[in-house]
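Scrolling down, you'll hit the structures one after another.
Both of the next two complexes hold chain A, though its partner changes from chain B to chain C.
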Partner chain A sequence: MLQDRRKNLLVALALIAPFAAIYALAFAYPTIQMFRISFTSAPLIGAGDWVGIENYTRLGKDPLFSRAVWNTLYFVALTVVPGTLIALMIALGVSRLAGRLQALVLALFFLPYILPVSVVYLIWDWTLNFQFGIAMHVLDWLGIPRIPVTKSRTWFMPAVAWVTIWWTAGFSILLFLAGMRAIPAEIYEAAALDNASRWTTFSRITWPLLRPVTALVLTIQLILQLKIFDQVYLFSIGGRPNENMVLVYYIFNKAFQQNQGGRAAAVAVTLFVIIVVVSVLQFQLLRLAGRRRQ
Partner chain B sequence: MNCRRLMTIALVATSGLWAGAAHSEETVVWWDFLSGGDGVRMKQLISDFNEAHAGEIKIDATTLEWGTPFYAKVQTSAAVGEAPDVMTYHASRIPLALTQGVLDEITPDDWEKMGLSQADFAASTWDAVTSDGKQYAVPLDTHPIVLYYNRDLLKKAGVLGDNGEPKGMDSKEAFTATLQALKDAGVQYPLGSVTADGNFMFRTVYSLMCQQGGELMTGDEFLVGDNADKLRNALAVLSDWTKAGLQSTYTDYPATVALFTSGEAAMMINGVWEVPTMTDLAQQGKLFDWGAVELPVIFDKPCTYADSHTFAIPKNQGKEMSPEKRDAVLETISWIVKHSLFWATAGHIPAYAPVTESAEYKAMEPNATYSSLTANMIFDPKTPLAGIAGPIFDVMSNYFVPTLNGEMEPADAVESIQEELNAL
Partner chain C sequence: MRESSVQRWNLWSGLITAVTIICAVIWAFPLYWAVVSSIKPEDEVVRPYIELWPETLTFQHYIHALTATQIGTWYLNSIVVAVGVTVVCVFTSMLCGYALSQLRFPGRTTLWWIILASFMVPTQALIINHFELIANLGLVNTWIGTMLPQFIHPVIIIVYKQFFDQVPRDFREAALMDNASEFAILFKVYLPMNWGVTTALSIVCFIWTWNAFLWPFLSVTRTEMMTVTVGITQVNDAFGVYYARELAAAVLAGLPVALAYLLFQRRVTEAITLSAGIKG
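So, the complex of A and B:
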């Protein structure tokens, strides 16, 4: 008996070892290094001197850092809840279709999701171009003065948020559809027998039973959007990069543009902490809200 | 099966080795960031070089993404001994490269082997590759900005001089009058400016500052004394043109070129690297009569911002370059620099003076017309914060876009720029 257990343990260890080794090398070790470097004056490559918490105290006095924090939160506010709601509405619509038509419509909504971000950027940059963009001709036709969308302080974040929702909604739609299919049909039949209106069916059956999926979509979206970089970077190259600064962009600038590895690591650690705190908070909130209902 | 494949690989590998040893050909690994019209011309030069050095030296060239991606890759690869043998580098990025320790010095011995010396280059260009009396790169060209113009439109508006160049090139009032005349003649955008891209506009604004004798950095401080006023004056000229409807607004780089080549903008301030675009279009008969000249003198003296493409040898950590390899690299640099007449067709002004003094170059138009500006060039301030895609570019551009498009007053912009630059 004892012999067997030991053998099992060895086999289990042997099977886990490759994963554990790669995980330790490619994830755990760099993460530990990141924390360590954030307390040094290291450049991008090579070691630096120990400076204690100076990299962190400097962040408090850096106007660009606080702008990056606010812009990131603003972007999260513009995308997470609106994006989830839009995906839910589209999923509700798609679920009412059937057969080939449903597959076609679903494919159309999913299409943007498979595009690389650079293609997404080009499509929207052409659309919104101040001189030649199609959208500007629409504005001309409506008699509204042209708006330099990606070059203006007011419109930049909403525009990038819109592009992001357009780009990523496909995946959330899929999750919602899967959630809806998991709801047993008998419940809807029972509701129909009771003559429940469409709104009642949604608010009393679909919405509460979709809660776990909604929580999942919200959490995925939240973490994803806190890490926003690509779109903001592409749309603001050459334009007003500091005005549109977000946290990951700031990390990129500090590390790769200004060669300050230590300070970049300090920002990365801060973002890490923000993501952990916010997502734990959100998860707890959703659980609490769920419990109160029951 | 596996064993056989392994043997085949081994055989192929050894035969390759043997072939290499028989010819003792040196392979020079080359990285550049030249992907536009100039990239095509550089590939031609490289293949000419390989042909001329068959059996001795072979350039193995790779083109990488311009800007931050290129420089990040150079830095990381040099740190692990995987950098190329020779690479293109912007002179403006040399100060930062030195703090990163990625460049090897070009020693007096190297210069002698290449058959090049200080006398072959303009003083400002030589200075741009020099730090503490040592050189870290070999200049290939200088690439300033110039004023492109549409002769047909200028003639129609009566502002084309007898010499075939625009009128009013000697003062702010005169040049503004030229722009106004174009506007009155029905031109939609008298001046095409890359007003959506502050990074780009840095070149124009910095030129205008220099025309007043201003400097961005004095010692370690930014915009000392009346330099702030000089920056404000420079911005004010451009924002006044916007307010008077004389310049295109929120226009990004490709749109600016499109506005000019389609005849909607009568003039354009852009880099010399757009010369091949115009030459090619003109050859196909799709372009009007065009020209390019040195920037107008808006303030006290002529001055134009320029950067320089140079060749540098990376300092590979833990991997010493053999003397034979170094000789091959030096021969590569020297040959390309001395054959840069063809490079001039990309618009850039060759840095090697014997080329620009040659009769062939003097016959090239509009290159010969604008190359006189090499006497009035200003390069980036020498600091690790400067250079293309550097933090100074970012701070400035952040305020240039609103100012040049009439959202912000020049004075407010200068105040914010000063504050942010000194916080760097």
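So, the complex of A and C:
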């Protein structure tokens, strides 16, 4: 019996070891290092002196950091709720279709999500091109003067937010569709027997039963958009990166462009804490959603 | 009275269906527009009006991208990195998921919580220390360096554990009676019963890695070591201000993942829903 348990432990160790080794090297160690160097004056690579919480207190005085915070929050406001609403409306439309038509329409909405961000960037950089972009032809038709979108202070964030919604909506649509499929058909049949109107059916059945999924989509979106970097970086090429500064961009800028690893790590820790807090919230929602469906 | 309300109902249904389809076409239009622009000659691309189909169809931009730029090298880098990450990540996650699901050992609950907690860690916050790590190991500008931080996707372990949990205990007990080892049980019983989820997870892991931008962008400074998703945005002189050339490169970069999705549509959507913690 004792031998059995020892054998079991050895087998378990052998199975876990490959993952544990990679995890320790590429995940646990960098995480600890991130916290550690955030209290030092380390450059990107190499050691630095212990400076206590100076890296954190200096952030408060850095106008570029506050701009990064505001821009990130602005971007979150422009994407999370609008993106979720757009995805919900699309999912409601798609869920009414059936068979091949549904698969085709879903594929059209979903395809952007599967593409790399750089491809999405090139497609929209071309679509929004000031001289030749098709979006500018549309503006011409509407009689609106053309806008150099990616060079404009006012329109940069809304445009990047729109591209992001276009890119990521497919994922939210999938989650909404899964949520809708989980609603038993009998409930709708009963509603139809009672001659319930379309709006009543939505507001009394679909929407309340979708609330857990909606909460899940909102938190996933929130976590995703707080980590915004790629699109802002790409659309800022040849533009004004400092105007469009967001949190991850600030980390990149401090660490990789100014060689200030310690100060960048302080921002990384801040971002880390914010996201872990939001994720704990999401985890609770998930458990709630799981319980509801059973 | 009844009849007219039914008719109105149908009219509404038809209208909503039509609106949905029109929206889907508009939604996907930029994709179509990029592809069509990439098969037009450069002078047609910059015409001041919209032509939905090229007057002269040409593949010269693709030929240019494939012969005059480094896109072939970037493709090779992307394939090596994406396949490497997928194989290592799915395999190690499967082993770990099996141990968590089927074996009882001290520290099991702790390990499970560590994995659930790692799910929440934003890898964007770790870029500084990931770079420090690969620099210290001398792995900047190498395939391994680009792969290393991407080997860990806690969600794959979580999904595997859920699926292994669902395999009826009888299979395991019968195999144990026959004196089968744990490895034999995993590879001859549990894995074959879960080929579906293994394929699905492998496809999305491949897509995630192929599409990764931030880390491959940081871990490589030499153009010949770039992955294709980074290369097409970083090497401007490769395409100049030739819009059609740039779009041809974009189409080439997106093609493998778009094909993977179109070929395995059901598996991909299944795995993506699973990765959000919802069983579709």
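Keep this in mind: the second predicted complex is superposed on the first by the 253 of 294 C-alpha atoms of A that agree within 3 Å, B and C clash if a C-alpha of one lies under 4 Å from a C-alpha of the other, contacts with A are read in each partner's own complex, and residues count from 1 in each chain.
Keep in mind that, in the parts below, a contact is a pair of C-beta atoms (placed from the backbone, for glycine too) under 8 Å apart; a residue touches a chain by one contact, two chains touch by 3 or more.
Since this is a predicted model, take the numbers as computed values, not measurements.
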Can A:258 be said to touch chain B (first), chain C (second), both, or neither? first
Quick check on the superposed pair: does A:284 touch chain B, chain C, both, or neither? Answer first, second, both or neither. neither
With both complexes superposed on chain A, which partner does A:57 reach: first (chain B), second (chain C), both or neither? neither
Look at A:45 in the shared chain and tell me whether it touches chain B only, chain C only, both, or neither; answer first, second, both or neither. both
Which holds for A:151: it touches chain B only (first), chain C only (second), both, or neither? first
Could you say whether A:243 touches chain B, chain C, both of them, or neither, answering first, second, both or neither? first
Looking at A:131, would you say it contacts chain B, chain C, both, or neither? Reply first, second, both or neither. both
Looking at the overlay, does A:197 come into contact with chain B only (first), chain C only (second), both, or neither? neither
On the superposed three-chain arrangement, identify whether chain B or chain C touches more chain A residues. C
Common interface residues of chain A with chain B and chain C? 44-45, 129, 131-132, 237, 256
Chain B residues within the chain A interface of the complex: 68, 72, 75-76, 79, 96, 99-100, 196-200, 248-253, 255, 258-259, 384-385, 389-391, 394-395, 397-398, 401-402, 405, 407, 420, 423
Can you name the residues of chain A that touch chain C in the complex? 8-9, 11-13, 15-16, 18-20, 22-23, 25-27, 29-31, 33-34, 37, 44-45, 90, 93-94, 96-97, 101, 103, 105, 107-112, 114-119, 121-124, 126-127, 129, 131-132, 134, 137, 166, 171, 174-175, 178-179, 181, 198, 213, 216, 220, 223, 226-227, 229-230, 234, 237, 248, 251-252, 255-256, 261, 264-265, 268-269, 271-272, 275-276, 279-280, 283, 286, 289
Complex interface listing, chain C residues touching chain A: 12-13, 16-17, 19-21, 23-25, 27-28, 30-31, 33-34, 37, 45-46, 48-50, 88, 91-93, 95-96, 98-99, 103-106, 108, 111, 116, 118-122, 124-133, 135-136, 148-149, 151-152, 157, 181-183, 186, 207, 210-211, 213-214, 218, 229-230, 232-233, 243, 246-247, 249-251, 253-254, 257-258, 260-262, 265, 268-269, 272-273, 276-280
Please output the residues of chain A touching chain B within their complex, sorted ascending. 43-46, 62-64, 129-132, 148, 151-153, 237-243, 253, 256-259
